[in-house]
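Order as written gives the chain letters A, B, C, D and E; numbering starts at 1 within each chain.
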Amino acid sequence: MEIFGIPSQALFGQLLIGLINGSFYALLSLGLAVIFGLLNIINFTHGAQYMLGAFVAYLGLTKLGINYWVALVVTPLVVGATGMLIERTMLKQLYKLDHLYGLLLTFGLALIIQGLFRHEFGSSGMPYPVPEVFKGAYNTGFMFLPKYRAWVIVASLVVCLSTWYVIERTKLGAYLRAATENPSLVQAFGVNVPRMITLTYGFGVGLAAFAGVMAAPIYQVNPTMGADIIIVVFAVVVIGGMGSIMGAILTGFGLGLIEGLTKVFYPEASSTVIFIIMTIVLLIKPAGLFGTQK
Amino acid sequence: QISDGIVKIGVLNDMSGLYSDITGPGSVTAARMAVEDYIKATKSTLKVEIVSADHQNKPDVGSNVARQWYDTDKVDMIADVPTSSVGLAIAKLSADKGKLHVNSGSATADLTGKACNANTIHWAYDTWMLANGTGKAIVKSGGDTWFFLTADYAFGQALERDTEAVVLKNGGKVVGKVRTPFPTQDFSSFLLQAQASKAKIIGLANAGGDTTNSIKQAAEFGITKGGQNLAGLLVFLPDVHSLGLNIAQGLKLTETFYWDLNDNTRAFTKRFAAAQGGKYPSMVQAGVYSSVIHYLKAVDAAKTDDGTKVAAKMKELPTDDPLFGKGTVRADGRKIHPAYLFEVKKPAESKGPYDYYKLVSTIPANEAFRPLAESECPLVKK
Amino acid sequence: MTTVPTPSIKAQSFTHQWVAFAIMVLVLAIAPIWVYPIFLMKVMCFALFACAFNLLIGFGGLLSFGHAMFLGTAGYAAAHAAKVWGWNPELAVLFATGCSALLALVTGMLAIRRQGIYFAMITLAFSQMVYFFYLQTPFTGGEDGIQSVPRGMLFGLFDLNDNTAMYMFVLAIFLAGFALIWRIIYSPFGQILKAIRENQDRAISLGYDTDMFKLIAFVISGALAGTAGATKSLVFQLASLTDVHWSMSGEVVLMTLLGGLGTLFGPVLGAAVIVSMQNYLAQFGAWVTIIQGVIFVVCVLAFRRGIIGEIANWIKKPL
Amino acid sequence: MAEPKEMLRISNLQAWYGESHILHGVDLTVNEGEVVTLLGRNGAGRTTTVKSILGLVGRRTGSITIKGQETVNWAPHEIAKLGLGYCPEERGIFSALTCEENLLLPPVIAPNGMSVEEIYDMFPNLLERRNSPGTRLSGGEQQMLAVGRILRTGARFLLLDEISEGLAPVIVQALGRMIKALKAKGFTIIMVEQNFRFAAPLADRFYVMEHGQMVESFTSQELSSKMGMLNEYLGV
Amino acid sequence: MSKDFILETRELVKEFKGFVAVNSVNLGVQRGQIHALIGPNGAGKTTVFNLLTKFLIPTKGQIVFNGHDITAEKPSQVARRGIVRSFQISATFPNLTVMENVRIGLQRATGTSLHFWRSERSLNQLNDKAMALLDEVDLGGMADLTAVELPYGRKRALEIATTLAMDPELMLLDEPTQGMGHEDVDRVTQLIKKVGANRTILMVEHNMNVVSKIADTISVLQRGQVIAEGPYAVVSQNPQVLEAYMGTTDNQLEGAHG
């Protein structure tokens, strides 16, 4: 059977690949959405923090002999901690100002982090081996699915859905959402808002680092690995609706699929298709697919 | 007469981006070594100075720097310049200003083809050579059906075009191609298409991070295990280093320089690595070394640093240096020397770091580059 | 009744702006004696670009994150007109400005309906599409760009290959653009623009078609950014993808911010600083980005008004 | 009966918003179980006083003792945990939360707060609109929500800033009855009111503010004799 | 009916996701009157305002202004027809001076607002008119302060001056006295009465004192429907209104506000 001249088997394969890439978009845009939704900061450093995640894992492996599993847990904590430091020392001063300033500050930080790593490590990638358990692949009948990629989908789904649950369905999440709008009032109700915000930023950054560790065995660990993906991830968050957690997740996976299909039918446009979709979505639904207008 | 008494060489390349490991500060080191070695060997009285700058792989940044070098900083020759678009811009500018550009970094064969000029010399390698070296050898050894993964920009397209011509000429067939946006992180979708095409050879008409990512992911998706082979149309030693032999093993590629070719190259590499924090030289960096030596020789011979005159002198004099051996510079500006087809070793075969290549065959100098007869260069009288 | 201060109508005096303007003209007129003229021309092109951008954000409150599309479009248009059609430079620049204005009109009509961060994102999206278009379409020469663009004869009389003539041409364009922006800011139109920035709903309820005002501002800003791009491509005889890339849109934000958002002279100074930095730090590779990053951070944390903004605040007069 | 227990004592409170100095030495005492009303013109600094108690102004100096604890250097959330409930002037309804989520938001800080049912009984509008986003409620409904939600937390010391504002007369009357009931239960309340008719019958004591200072204070018994003075200050 | 209605709504309906906020409202505002819209919280008053000024789109029904059906027009068009509103939360241009605020209102009539090539000085001709308007609302002495510096009550006055600058035929005021001290309430009440002398005003107000003093006609809205209409004396005796809005019958004339 063929669909648009492509054998359906191959098409399934492509869709699956799209879904895998979507997992990365979802993970990254989730972190971005959490940070935007709850701190009102457009975290341009996200790409650099994703790169940091991959690098910390790489350095951990080569310098300290830390294996993948330990790295998967430790790296988000370490990078998240640096994030909290940034929040405490810099971002904190910007909450009352226009979004623009947060965006500019984090943009500057991204340049610094990326510059330093490029200076230190050059720009060709470093290898990171696939963990032993995930070596090899499944033969699904219609494609050859590397085990590690399957793991990526599973891990990403679990992390995304639990984050969504915490934020949209628990009391903690309600505090977070309320604190976005009027932090001092929530604090006046007896909630330690500054600490909550610091932890939230740390968490969002940790998510980026987590995605970085997940990516290390697939891509080259490289100082510029986050620079280009960040723009795409922004687009994902905007399409999903700024600040909407579910929006970020669904759009992440959805756009992965669409991008995957574009790679089959018109590969040259595959890096642009997301922006075309973004324009259309914003024109029809100004606040994004799942966003609510303020 | 040497302008203001100093021969000034500008090393213009990518200091911090995609090609900084292949060119970058290493090229500056190579140029310095060349000056030292030349002065020591010839007791020449030339005063030589080296400046360097980052062109960020952007033609506008590059030509901006070059213009200022030529206009106000009294630079006489610009060396290196990776990234074809920048190389072309510098070549044109050098001709306009009557200066000299000796390019080792760019791939495009147009530099000695339709964009050639009297003030530009192309040193280490070019797309025609890469296509011919890797393409021909692979088709000859049975790899006769091809699928191209092409980086969607001028360089990738040129490489694909040249290789396709070679494949067809040698009786091979191209069963498909896909243009990948530049840069791309994830090649899995494209690799799947390549896999589905059942081509024996997947030609990677890309460079840098695109190449390493596509090779890495090809291994992940079991492409090589499934019987298909990769042909890296532009792979440098540092790329193999960053991939690791586990993944890169078996890859076929063409270069005109490898550190382990002979005693001279080994001796050079030892000194280079000492100066560059243990990194081994790439073909481009070796090219910068060799081209600077020949340039200085020509300056001494012509007794001037005037760009046009030195260029003519460089073409007149035969070349001879420790890294590329004896050779010539042709009328179209093409430096001629042998090329080598390598295969990346298996991990077990490697005796240590940077011991990566196995020599498969040597392509003699007169076959390695595009014959003058086929050249579109207006300088070539037909 | 409580006592209220009874100020007289503040006689708003703008003499200091004229003084600043005179200083700027003077500096630009004599600087080529010491400074490499092409470098100065580059500064002026970027200064005009930043001023155009600042008109939109500083006075209209609209952050466009895709302004590079206007710079780049005009760059290609001028290069093509001059090189392929052999047009005179003044016609090429005019034509290119028109192209950017048209692009601004089309994208503006869609983008202007959104506010704040959505506006920034939709302009970014458009510029990414424009980038893709130029990457794919043959006339731009892809990665190579349009090289060796002839500078030509101005009005068929002055040979612009002479750097002095070219310099005068660029200076004239820059000053004209700057003066236009200056006038717009202090025009009836500028007044409404400010009102919209302050309180859009109220402006609507007073009967102003705010979308119309924003669109006009957007088109003017895009057109002037285009003038800058066209001039730049003549100066460097090259139009390339760099000018359409999103990082160029980021750079203009940096210039404006450093100089002073919403100030008249800030973008000019900001552009001068950033361009010099890129020029003189070129050999330091990765350090350029690191230093740029540090500037961003320092500006946002300590210098939010930007250099000129701080000075203006200090002398308590708008600059 | 024993000496009334002191709930709050403010002395020489100075407060700033950024550069502007708003409060110039405010003194105020509130005993447990008292209802105290702050009167004054627009901009006199009443809201600022209330916010200062919770630490919500930019900077403050002086002394604020709540239940015997000096809190002038505490963070707002620590102060709130002493058992304060705050209903801000601008209502502070969260748009990202539904009406009911808004109601349930403030953490319970002491036992014996009102139940959600009781609150819905008092403000039936809220029950009807419980699933609407908070800021889609009408102005008055938002006001009800802002009052309702702090009654749930068990806080027994309430700071109410202009709660009768924008409400229909019926609702204002209901609020009046509610405050009487709370007073009977022993709540301590500071009210900022523009609406003198509403505040007058409820309060035990009154303070009058002007230009960031307390200019007058009197008890409800003295009210009638002070009307002339009030007229001068407030134009009542 | 032979009354001269400047504004009429016919069967106006607004639903929010199934919730009917405004339900078949037929409202007629007579030319030259001060017409008050009152009703319990959540009755739909602000929503009606938003519908009239097109900040919301009606689900059903028609809005007719001066005989024209304006149901399909844009907010700024409606404003140009002469319907200008104030907001429940004060709306000025905070960083412009008081004078400039008013000039923004006056500028529209000059037709030069789009002239980006003209000097701002061309607007100075409006200064006298602006000053006159400011004097009318007692803000003459504060012309040079920025709006953000004004005390609350004065901001409302400024808003009214800006609105007057448009010379509107119909002014819509949403709770103009909310949050004001007694002094200011009186001042604004007088002001409304003064400016209402030669134009039509539709206002929402909870302060019965104000309403009783200046409103010619009152419409009472409850649950999106008009339950009573007429002069204050009539409406305030209506048992349904008393029950739904004013509460206990004993102090009806006072209302809740002082």
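The working rule: a contact is a pair of C-beta atoms (placed from the backbone, for glycine too) under 8 Å apart; a residue touches a chain by one contact, two chains touch by 3 or more.
The shown structure was predicted, so the numbers you read here are calculated from the model rather than taken from an experiment.
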Problem set entry | Mutual neighbours - chains that touch chain B and chain C alike | A
Problem set entry | Common touching chains of chain E and chain B | C
Exercise. Measuring centre to centre, with centres taken as mean CA positions, what chain is farthest from chain D?
Worked result: B
Exercise. Counting in whole Å, what is the centre-to-centre distance of chain A and chain C, each centre being its mean C-alpha position?
Worked result: 33
Problem set entry | Distance from the mean Cα position of chain E to that of chain A, given in whole angstrom | 48
For this session: Go ahead and note the Å separation of the Cα centroids belonging to chain C and chain D.
Result: 51
Exercise. What whole-Å value do you get for the distance between chain A and chain D if each is reduced to the mean of its CA atoms?
Worked result: 44
For this session: Would you pick out the residues of chain A that each touch at least 2 other chains?
Result: 115, 118-119, 268-269, 271-272
For this session: Two or more other chains in contact with one residue: find those residues in chain E.
Result: none
For this session: Check each residue of chain B and list the ones that touch at least two other chains.
Result: 16, 20, 24, 152
For this session: Chain pairs that touch, all of them, please.
Result: A-B, A-C, A-D, B-C, C-E, D-E
Seminar exercise, completed: Seen from chain E, its contact residues with chain D in the complex are 16, 19, 39-47, 88, 151-153, 175, 178-184, 186, 206, 208, 244-248, 254-258
Exercise. Which positions of chain C touch chain E when the two form their complex?
Worked result: 4-10, 180, 183-184, 186-192, 194-195, 198-199, 201-210, 212-213, 216, 220
For this session: Would you tell me which residues of chain A are touching chain B in their complex?
Result: 7, 10, 13-14, 17-18, 20-21, 115, 118-119, 122-127, 129-130, 137, 143-144, 146, 148-149, 218-220, 222, 224-225, 228-229, 260, 263-264, 267-272
Exercise. What part of chain D is in contact with chain A in the complex they form?
Worked result: 54, 56, 75-77, 79-81, 84, 86, 88, 92, 94-97, 101-102, 104-107, 109, 133, 153
Seminar exercise, completed: The chain A residues in contact with chain C across the complex are 42, 90, 93-94, 97, 99-101, 104-105, 107-116, 118-119, 231, 234-235, 238, 242, 268-269, 271-272, 275-276, 278-279, 282-283, 286-287
